[in-house]
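Two complexes, one shared chain (subunit A), two partners (subunit B, subunit C).
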Partner chain A sequence: MTGAGTVSEFLRRRSTTWILLVPMLAIGVLLHFFGTSLQVNIYTYFCVNLMIVLGLQIFMGNSGILAWTHVGWMGIGAYVSGILSMAPMVKSLGVPNMYPFLVQLQVPHPLIAIAIGGVVAAMVAAVIGWPLMRLSDAAGVITLFATLIVIHVILTQWDNVTNGPRTFFGLEEFTTLPVALVGATLVLLVARWYRESSLGLRLRASRDDRYAAAAIGVSVVQVRYVSFVLSALIAGLAGGTWAHFITSFQPKAFYIVETFMLLSMIVIGGQGSISGAFAGTALVTAAREGLRQVEAGINNAGVFTFEVYGLTELVMAVLMVIVLIWRPNGVIGGQEITWPIIKRRR
Partner chain B sequence: MIDLEFAINTISLGSLYALLALGLVFVYGILKLINFAYGEYIMIAGYAMYVLGGFGYVPWYVTLLAAVLFAALVSYTTELVAFRPVRTKSMTAMLVTSFAVSIFLQNFVLITVSPRARAVKFPPVFSQTLTIAGATVPVRNLLIIGSTVVLLTLLTIVMKKTVLGIAMRAAADKFTTTRLMGVPANLVISATFIISGFLAGVVSVFWVSRSASVDPLTGSMPLLIAFIATVLGGMHSLQGAVIGGFVYGLLFNLLSIMLPATMISYRDAFMFVIVILFLLFRPEGIWRKGYTEERVG
Partner chain C sequence: MLKVENLYASYGAIRAVHGISLEVAEGELVALLGINGAGKSTTLKAISGVLRPIQGSVMLYGEEIGNRKPEAIVKKGISLVPEGRDIFGGLTVEENLRLGAFASYDRARYKEDLEEMFGLFPILKERFHQAGGLLSGGEQQMLAIARALMSRPKLLMLDEPSLGLSPAMTDQIFELIVTLRERGTTILLVEQNAERALEIVDRAYLLATGSLEFAGTPDEMKRKVDLTSVYLGGDEDETCEVRL
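Moving on to the complex of A and B:
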């Protein structure tokens, strides 16, 4: 085989990665140098969302289990990284009741804080994950939902760590566009690798038919467990990245509404593939920003005598049901986009 | 600590939760769908009471009856518009649909009415109290117990004696076989959603009367309670749901009395830990008997 042939072969085998990464990075670099601050902001937000949704895809997409806990891991990552990266002075101002030893705790760089946040989320998932992964269907759904509620109650009530239901503020704005781009790229590579890895294949087999997969020697609980923890790790990292982008947040940011937004992203695009999760994130982020503008426009123009809230969620809900009826596997579906994008008919 | 007052309050709370759980299990039994929109039927009925009560000249019993029927109608409509088209799709698609319906209804009232709570008028009998054998009991609690007894008797007759009831029970057990016997699937499923919505409406009357106000998030707490109650009692039978409702009522009142004041805000977390433990160690619930897992294809 010639050198050029090897290169084109290499590109073809990895085509999904390039098709997704190249435009993402190109637009990111262009916006970084020429974009307005609003555009940069929206794009950074998109990249952070991409990290979260791809983390969700690793578990939910490959295992077929509705992962309610994902925003919970994100919340843990956000709070842990925030507590670790903030200066003691800022912390004692922002969270007056915080335990003294936590106030003193500070790591030298936000990146380390974010990494520790991810590890803590993964550790919590590792501790409680095993029994949860044994459940399927309705029992599994309710248990994961219940776990999210438990996490939420703890985040809301643990005054000495999270400042209770009040705003947690004062984080350094570490997540700039380049940071988010690097993060999204790394997560995309991991998610892409994981889907095709032996573990990912076994997990997908267990998704399609639990019993058949077990019959050919797949330890269903084990493969679910490993991806659950990996997914929690990425959610925690993404949560920390998100926290250092938003810089102030409340526990309710990691609850039902956010879960709905994440689910709409992954469901509209297609949970079974990286391309689907990517496309869904792009579509929903764009639609969301568009609807926000409309909402603000309506409110500013004073068309109605009252303020319009919730239009975004309303439209997303309708859109989601339409997509589920029309294409239950999402717009892209379970297959990855590969080169050439338009296939020649044979 | 355990006196007559506690007993009556616990039974009334348990009755309310039993109705709540029953409405959720009706749909779960047949469609194997955990309906996340169930709480919104309760919320919608609350808004129906708010709107009708606002007219001033509608008698209160008409308002309450209309609200209950409206909840049934909304439940039926969601089945027709959202659930029916995705029924044959994957389980996740159904769940996500119900979640989307829930968010839709919440934001619908958010936009059309207001994000803030609205006061709902109730007849004075709902806020009076009675003294029975030295125990002071709100009349509302006695009304709840009375309605529950009537409704459970009625439902038992419907489920055991009528053709529709027998078809519904059969469908919950083996849906495919039931269809082969000539039972129309759509009819059974619609009937299920109407009964579920009706129960939600009845629950709504008593739920909303406790605070006499309704807001877009009114439905979330009842939904969680229904989840816990069904898991405790057993998701695979109607009896289980009723038992679960009563057990939850008892547990809730006991935890409220026994937990120290500093821990009371963690009560919900405790309840859900109990749920998780139940699902892990006794996934079939307190009531073991019941129908099998089979989805409508």
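Moving on to the complex of A and C:
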């Protein structure tokens, strides 16, 4: 290879990260100093969503397996980090039935709590994933879905830990815009690295053709398992970050509705690439916030005699159908955006 | 180097191979011939570990590998190019090649092998960053072979490399097989095109309904076996006719 070839090759490989990261950080910094509080809030929410969706991409995007459990890991991360970061006083107020030893348990910094939340989610995933990753196709997807239901039932029924179906509240609002930006940046780097790593590559090969992958020596179960646990770790961390942004939540925040929101983000953008997951998250977050304003506007203006409700979900569903027909692999598709963005066709 | 003894393999209840024994020596180019359903592909799958043999032994350099997993067998130095060019269509050419090398990845060696592949298959350099699925049939076959070569196999097994290719492309693939063999690669080739295969191989085995019918050099095979009747059907109950 010539010198120029090596340089352009280097640029090509690294460019995706910069194309995504530079605008994300630039807008974040601008908003931090000049944005309104609503803008800052929306952008923080976008960054947290980005963490969750990129975590989802690590497993689902690379393996092609519909990861129903993802919001479950997020929920585990949220509750664990909440319990660990809250002061005993606040906890006994918010969750009257909590086990006494849990009430006393507090780590000195929310970051430590979020980290432990991620590790706990990953450990649960490591146990559940062991048998589940041996299943494929329909059986695999159904058991993952069933696992989500099990997690949900535990979250709603374990009164002494989660306050049951009632709201769990009183978290410190630790996740500010800078925190979310750092979190999203780290997760983006990990997801980028993972997709290109040997493990990620083998996982993508198994998505393409499981049998061909086995023939060249890929241990499909093993690569799926490792990715499943890594994905759960990031979901747990993202869940903790989310919890310290929202500050009060219920178990139903980690169930079907949220799952579909995440799926629409990753499917609309394109689950096969980091660029796709990123674009989908940006698009859906923007559309969702925009539609919410429209909905409020219509209701306030009294255009109809009844309240307009569910416009967001409706438009998201239509958007998803259109994207699936028009570009089944998502707006961006399975390949990363690289420099130069517009290529001459050969 | 490779010694297969009394190999049995089946798909569930259907037994596809019963009691095949064959040998491949270092540097040899050996063909497995026979009609559809004779058990050729099954034999390759059993050797590569994709299909676990139910009985018999597969020895590589005197070491039993018959019950190993495919990934372990690839590491031992046996690479299979499956029938129908099982390349990864959603991955780029570069990623396909990197996957071939992953079993024993070494950055310097990877670069070196890549240059070698570009020498053998210039088209792959042109298409380096394109998705494998966008390549033509012949190019995909070349990619599949290049991918297998990236693991520096001691034994390369090709399952019907000319399947579905144009005559011109078939010529190219056969030329390539000869080139590879001259480079010192040991090759076990499964081919439908027996006439073409017999022109280039050192020895050939003829399979019929899961067992070995004949083994020998191409000359012996041409002299003693009526290949036309093997492929086009001779007597009703004789799958194959051996003139002794």
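We take it that the second predicted complex is superposed on the first by the 332 of 346 C-alpha atoms of A that agree within 3 Å, B and C clash if a C-alpha of one lies under 4 Å from a C-alpha of the other, contacts with A are read in each partner's own complex, and residues count from 1 in each chain.
Here, contacts are C-beta pairs under 8 Å (C-beta built on N, C-alpha and C of every residue); 3 or more make two chains touch, one makes a residue touch a chain.
Quick caveat, the model's predicted, so the values are computed rather than measured.
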On the A-aligned overlay, A:I142 touches which partner chain: subunit B = first, subunit C = second, or both, or neither?
first
Should A:G310 be classified as contacting the first partner (subunit B), the second (subunit C), both, or neither?
first
Which partner does A:P328 contact after superposing on A: first (subunit B), second (subunit C), both, neither?
first
Output check: A:V218 vs subunit B and subunit C. Expected answer is one of first, second, both, neither. What do you get?
second
Who contacts more of subunit A, subunit B or subunit C?
B
Could you say whether A:L93 touches subunit B, subunit C, both of them, or neither, answering first, second, both or neither?
neither
Tell me which partner A:S198 touches in the superposition: subunit B (first), subunit C (second), both or neither.
second
Complex contacts: residues of subunit B adjacent to subunit A:
28, 32, 34, 82, 85-86, 89-93, 95-97, 99-101, 103-104, 106-108, 110-111, 114-115, 220, 224, 227, 231, 235, 265-266, 268-269, 272-273, 275-276, 279-280, 283, 293
Interface residues, subunit A side, partner subunit B - complex:
64, 66, 131-132, 134-135, 137-139, 141-143, 145-147, 149-150, 153-154, 157, 256-257, 260, 263-264, 267, 271, 306, 308-311, 313-314, 316-318, 320-321, 324-325, 328
Could you pull out which subunit C residues touch subunit A in their complex?
48, 50, 69-75, 79-80, 82, 86-92, 95, 98-100, 102-103, 105, 129, 131, 147-148, 151
Complex contacts: residues of subunit A adjacent to subunit C
12, 198, 201-202, 204-205, 207-209, 211-219, 272, 334-335
